[in-house]
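Can you keep this structure in mind? I'll have questions shortly.
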Amino acid sequence: MKNVKLVGATGYAGGETIRLLLSHPEVRIQSATYDGKEDAPITAFYPQLRGISDLRVASIDQSADVEDGLDAVFMAVPDNVACKLAPAYLAKGVPVIDFSGDFRFSDSNTHKQWYGFDVDESLLKKAIYGLPELFRKQIPGAKLIANPGCYPTCALLALAPALKGGFVDTETVICDAKSGISGAGRNPKSFLHFPERNENLSAYKVASHRHIPEIEVHGSAFSGKNLRLTFVPHLIPINRGMLCTIYADLLSSQTQKQMNDAYLSFYENEPFVRVLPASDMPSVNTVAGTNFCDLQVHVDEHTNRLIVVSVIDNLVKGASGQAVQNLNLILGLEETTGLMTPGQYL
Amino acid sequence: MKNVKLVGATGYAGGETIRLLLSHPEVRIQSATYDGKEDAPITAFYPQLRGISDLRVASIDQSADVEDGLDAVFMAVPDNVACKLAPAYLAKGVPVIDFSGDFRFSDSNTHKQWYGFDVDESLLKKAIYGLPELFRKQIPGAKLIANPGCYPTCALLALAPALKGGFVDTETVICDAKSGISGAGRNPKSFLHFPERNENLSAYKVASHRHIPEIEVHGSAFSGKNLRLTFVPHLIPINRGMLCTIYADLLSSQTQKQMNDAYLSFYENEPFVRVLPASDMPSVNTVAGTNFCDLQVHVDEHTNRLIVVSVIDNLVKGASGQAVQNLNLILGLEETTGLMTPGQYL
Amino acid sequence: MKNVKLVGATGYAGGETIRLLLSHPEVRIQSATYDGKEDAPITAFYPQLRGISDLRVASIDQSADVEDGLDAVFMAVPDNVACKLAPAYLAKGVPVIDFSGDFRFSDSNTHKQWYGFDVDESLLKKAIYGLPELFRKQIPGAKLIANPGCYPTCALLALAPALKGGFVDTETVICDAKSGISGAGRNPKSFLHFPERNENLSAYKVASHRHIPEIEVHGSAFSGKNLRLTFVPHLIPINRGMLCTIYADLLSSQTQKQMNDAYLSFYENEPFVRVLPASDMPSVNTVAGTNFCDLQVHVDEHTNRLIVVSVIDNLVKGASGQAVQNLNLILGLEETTGLMTPGQYL
Amino acid sequence: MKNVKLVGATGYAGGETIRLLLSHPEVRIQSATYDGKEDAPITAFYPQLRGISDLRVASIDQSADVEDGLDAVFMAVPDNVACKLAPAYLAKGVPVIDFSGDFRFSDSNTHKQWYGFDVDESLLKKAIYGLPELFRKQIPGAKLIANPGCYPTCALLALAPALKGGFVDTETVICDAKSGISGAGRNPKSFLHFPERNENLSAYKVASHRHIPEIEVHGSAFSGKNLRLTFVPHLIPINRGMLCTIYADLLSSQTQKQMNDAYLSFYENEPFVRVLPASDMPSVNTVAGTNFCDLQVHVDEHTNRLIVVSVIDNLVKGASGQAVQNLNLILGLEETTGLMTPGQYL
């Protein structure tokens, strides 16, 4: 049994990590912290765990303590926190898997430009971008994992086969993204107040979201081509789930079958990516609660454009599930361990 | 490994049963049927199972076939179907767990009055009402389980300690019930069309729902007192979850603490019933996806009335989860097997 | 054209009052204030009014100014504000219609007990409880209107004919109430954060809500009998709308037709109350956006109990619409003026 | 007072047309029909109209009768119905405003290709595409109005200034559309069943929706350039509202201010189009229930692409409201008559 610590247990990504780890047969949560002053049972924040877990969450003061016996630490904290906490864990050889944006760029200027604060460049250079389907080889030995953002996960999985195959003009890529509200976190805000989101539908941060450079940098690194992206996210009144619709100009004429086969072939051995038949209606309810990404490929012959629709659960494949997948890889466990529970259709 | 058959695999209760059994370590689904003409993969109806299950559902013609090697059969079918299919299974010694209303009354006249069709009285006499928390002793040897309705499960768990303790006037009980829409099944109907339910809230079948006699008969059988009930159900625009608010006159003055202790004591050893502190806000999101029932007890001193709020997931404790709980008891497995996975809070 | 001022324009009740008054043919909003420091256009808070209204909202500092030419003032402010602002308006003869709980009890001890702060008893004695269907005669000359709470409006309209007709035991009344989330106001809070309410359903303030004494006091005043109430409110994930299910023991045997006729007769000349046929499914989407209250009456012969289901829009008949109805009565306008626009079914 | 007939009164567009006309000061509904066999009150289908309207809907057999005294007829019927009914009205000089796709193409081959049935070419040539902001001059004398589809309305209003100004490469236009569920009509279907849509989010008819040629044909006609479009619609779990995100390559470098000014200037005198500041979050709750279209313009300098976000209420500006706007123009009424009621923010 492996032992992990969870720093930041009471937000949505923290709660979801606990949910997944409680069903993980080879990992236990040794300790957990949250941004409060007094120790408390996790059930004070996640009452559905009553009778299932007696985990306690310690005060934020313990977040920096590196207990003995840890095999890894998850950091599900706001930006500009993990970069301060990680060194102590790394110094004692405990691998860090961070959910925030602190370590997703290896270039410190890029990071500063989009996040507005500095992170030690040596940490940035050490970090591996934890999207296993694209960068699996680098993960097993990693000491510091930058767990990808939810939008980048959804977009990069949709783009990877097209980028790798050289099918599309990488300067023409558009990602129109739609996200459930849990992606905005658990802190109440005016624009996330129930009556303001319910029966509503909004675009936000049009062409200015910090996930743009994240997608560009890692898509470019993966494909060796310069990916340039227009990205517009939208808020959808559901709790979980994300759908990205990707548009890109095809460099040459391709049939629907050719492109679909390219995607099927690329993801042939991937346990968490499913290429849907063109007759399906890609929907977030097929991935909710799971680590799957469902993709559908279309060739729009009318415009010679490739369209890929991609759905994930933003809290699972877009956060906690992918973190557990990375943990499995780091610890040498079977990659799917604890992650193949069927999702709730409803 | 035990082998079960699922008759009626493609409705919501069928789908939920599959979801639960796929995580059950000691049971496998040997075969499944649905009300269609051609065999099909289950993923045609539940696409979230792609890559997880290669189960196929056979045509309805196979529903009556009793294959060899079955340890039990689940029937998640409309009313007036299981009563015709069950005898063949029973004849070959295969225990039947039925989700419909066919076997919930031992008296054939009561059944006929509320359901409008006849069921062979010898079947009715054989059936055990599968609410383990109230009737656990009768379940292990049972050949035919009438899996309780969702409203009766939620209401009877809320009432049982008060009935058993003789605290309330059993002629004064009111149950105001609120249910998510999945309780109405998977067939589309005008009043269940998305825009007719969304942003809407309705009362229906006021004081005339057939779950009234079900609650009365089994509540009376359990307590030895004559339970007489006013029951009004309501439709709430959520997928899963049910909340019952129970009101009953206290026979004598009781303090909040006395009644709360009575409930805590009654459910002390029950793995699936949790008595909440009075400070909590009883909510369906603490039980969604799980077999738990959460209860909260209030003494309204102003009116000398007991109020109990009870929440379940109508598809789990109100249907498929309770069926699996019954299966575990029948097969001699630990009662909680496969049923302790944490629920999704969101 | 009559001139009104709106103190507290940017909350949900304030915004709804503006929406209604913009369609009112005989009233204009002369001025409006909000709890901010700088004057601003109302469209900063209600952008749907762009191109329709150039109303500006003044800083809270102007809330106490009594401009010339005012025919009435609406106060859509938190508790313990209107009681401080009202005297200045009353001193200059401007009628006050207050949405808060400040003036709903004529007894200062009752007020203090439930609200925790003092209100000058002379103000309390002056206030008229503005539920026109029950207390219409007192309203035209009123100087200070306590606009009723949403739950009391919904419950008292459901109870009035039964109370007046002496049909029910007034010590046995139970009101099980279900409300959309806008009733909790526009300020974001953790338990009102979108993902915490969406797909959720909760009971709260069980038998302890301050609307209990409000219903009891005014129901008793109306009927001359001592009304004693059990009341449990629930939060439903919709924006608007409220449904109350009322249960009370019948004092004598009554048929469905007798009780229905009593209700039809009682509300025969009321423009805003509609008694539904027993075959309908009482639903909030028939009243959303309007000042109507729809009622359905049932006699539960099995338990000799009266059941009344009542639906309103909590923001209209439960707040702003009723305030405009009161305004019309005070100003001598036709009571329905500006209030008969059809609601949106969806 | 002008008299209109409504053929197809009981679907969502029919119901919404009634709602709007009941507040229209210069138009009355003389008669209405629906696809049933027996005459019925409209309140059987739209119970919110009780006490407001005593309109009756006649059997479908009366749909073809052209009563005397009609100033216009609305046809809110399925495809392939209006083309059969219209000639009788036109023969008697009654202008027809049709909500379906029957008359939206002047070319009969294009129509046949996308709709699969023939419409008499002489009717097609007679029809005017009723998008007033683009084709206002042709509407006043029109005898046959093809009321635009909801997606085309939302997309063309977003595109028009860019097309007219020659700012974008018209072969690069992408429209990613998100629609509430009422757009799919009132007939229940499996994929529109409440639990299948709630908490779900889907793409459908990817690059194959029949609104593609509608947008292309009328966008090209308006601008004189050949518009070529990629279009992907999505289903969002809300009742009303639609948001289109439009992407197109800029032909030359433009600043945010230049493009915003171009849009402001283009729509300067349009009562129903509002150009939002770039700081706003474009949202459907600002247009719900109204005939407004809100637009926001962005220049993505990173990719030299224009992005326009456009929101409408699919049932109002996308159907019934636009039909009333067309009616006003045809009848020589002020264009905004009956259409400036503020929308419900919630």
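Every chain is named by a letter (A, B, C and D) in the order it is written, and numbering of its residues begins at 1.
In this section, a residue touches a chain if its C-beta (ideal position, glycine included) is under 8 Å from a C-beta of that chain, and two chains touch if they have at least 3 such contacts.
Remember, predicted model here, so these are calculated numbers, not experimental data.
Novice: Scan A-C, A-B or A-D for the interface that duplicates B-C, counting it as a duplicate when over half of the contact pairs agree by residue number.
Specialist: Answer for B-C: the repeating interface is A-D.
Novice: Which chain pair is joined by more contacting C-beta pairs, C-D or B-D?
Specialist: Greater number of contacting C-beta pairs: C-D.
Novice: Measuring centre to centre with CA averages, how many angstrom lie between chain C and chain D?
Specialist: Chain C and chain D have C-alpha centres separated by 36 Å.
Novice: Quick one: report the Å distance separating chain A from chain D, using the average Cα coordinate of each chain.
Specialist: It comes to 39 Å between the two C-alpha centres.
Novice: Where the centres are mean C-alpha positions, what is the separation of chain B from chain D, in Å?
Specialist: The separation of the two C-alpha centroids amounts to 46 Å.
Novice: Return the residues of chain D touching two or more other chains; collapse runs of consecutive numbers into ranges.
Specialist: Chain D, residues with two or more chain partners: 12, 180, 182, 195-196, 198-199, 237-240, 283, 285, 288, 346.
Novice: Can you list the residues on chain C that touch chain D in the complex?
Specialist: The touching residues are 12, 15, 18-19, 22-23, 46-53, 182, 198-199, 239-240, 271, 274, 276, 280, 283, 285-290, 292, 294, 315, 340-346.
Novice: Contact residues on chain D for chain A in the complex?
Specialist: The contact residues of chain D facing chain A are 171, 174, 176, 178, 180, 191, 195-196, 199-204, 206-207, 212, 228-230, 232, 234, 236-241, 243, 245, 247, 281-285, 288, 296, 298, 300, 302-303, 305, 307, 309, 311, 346.
Novice: Please output the residues of chain C touching chain A within their complex, sorted ascending.
Specialist: 12, 180-182, 186-190, 192-199, 237-239
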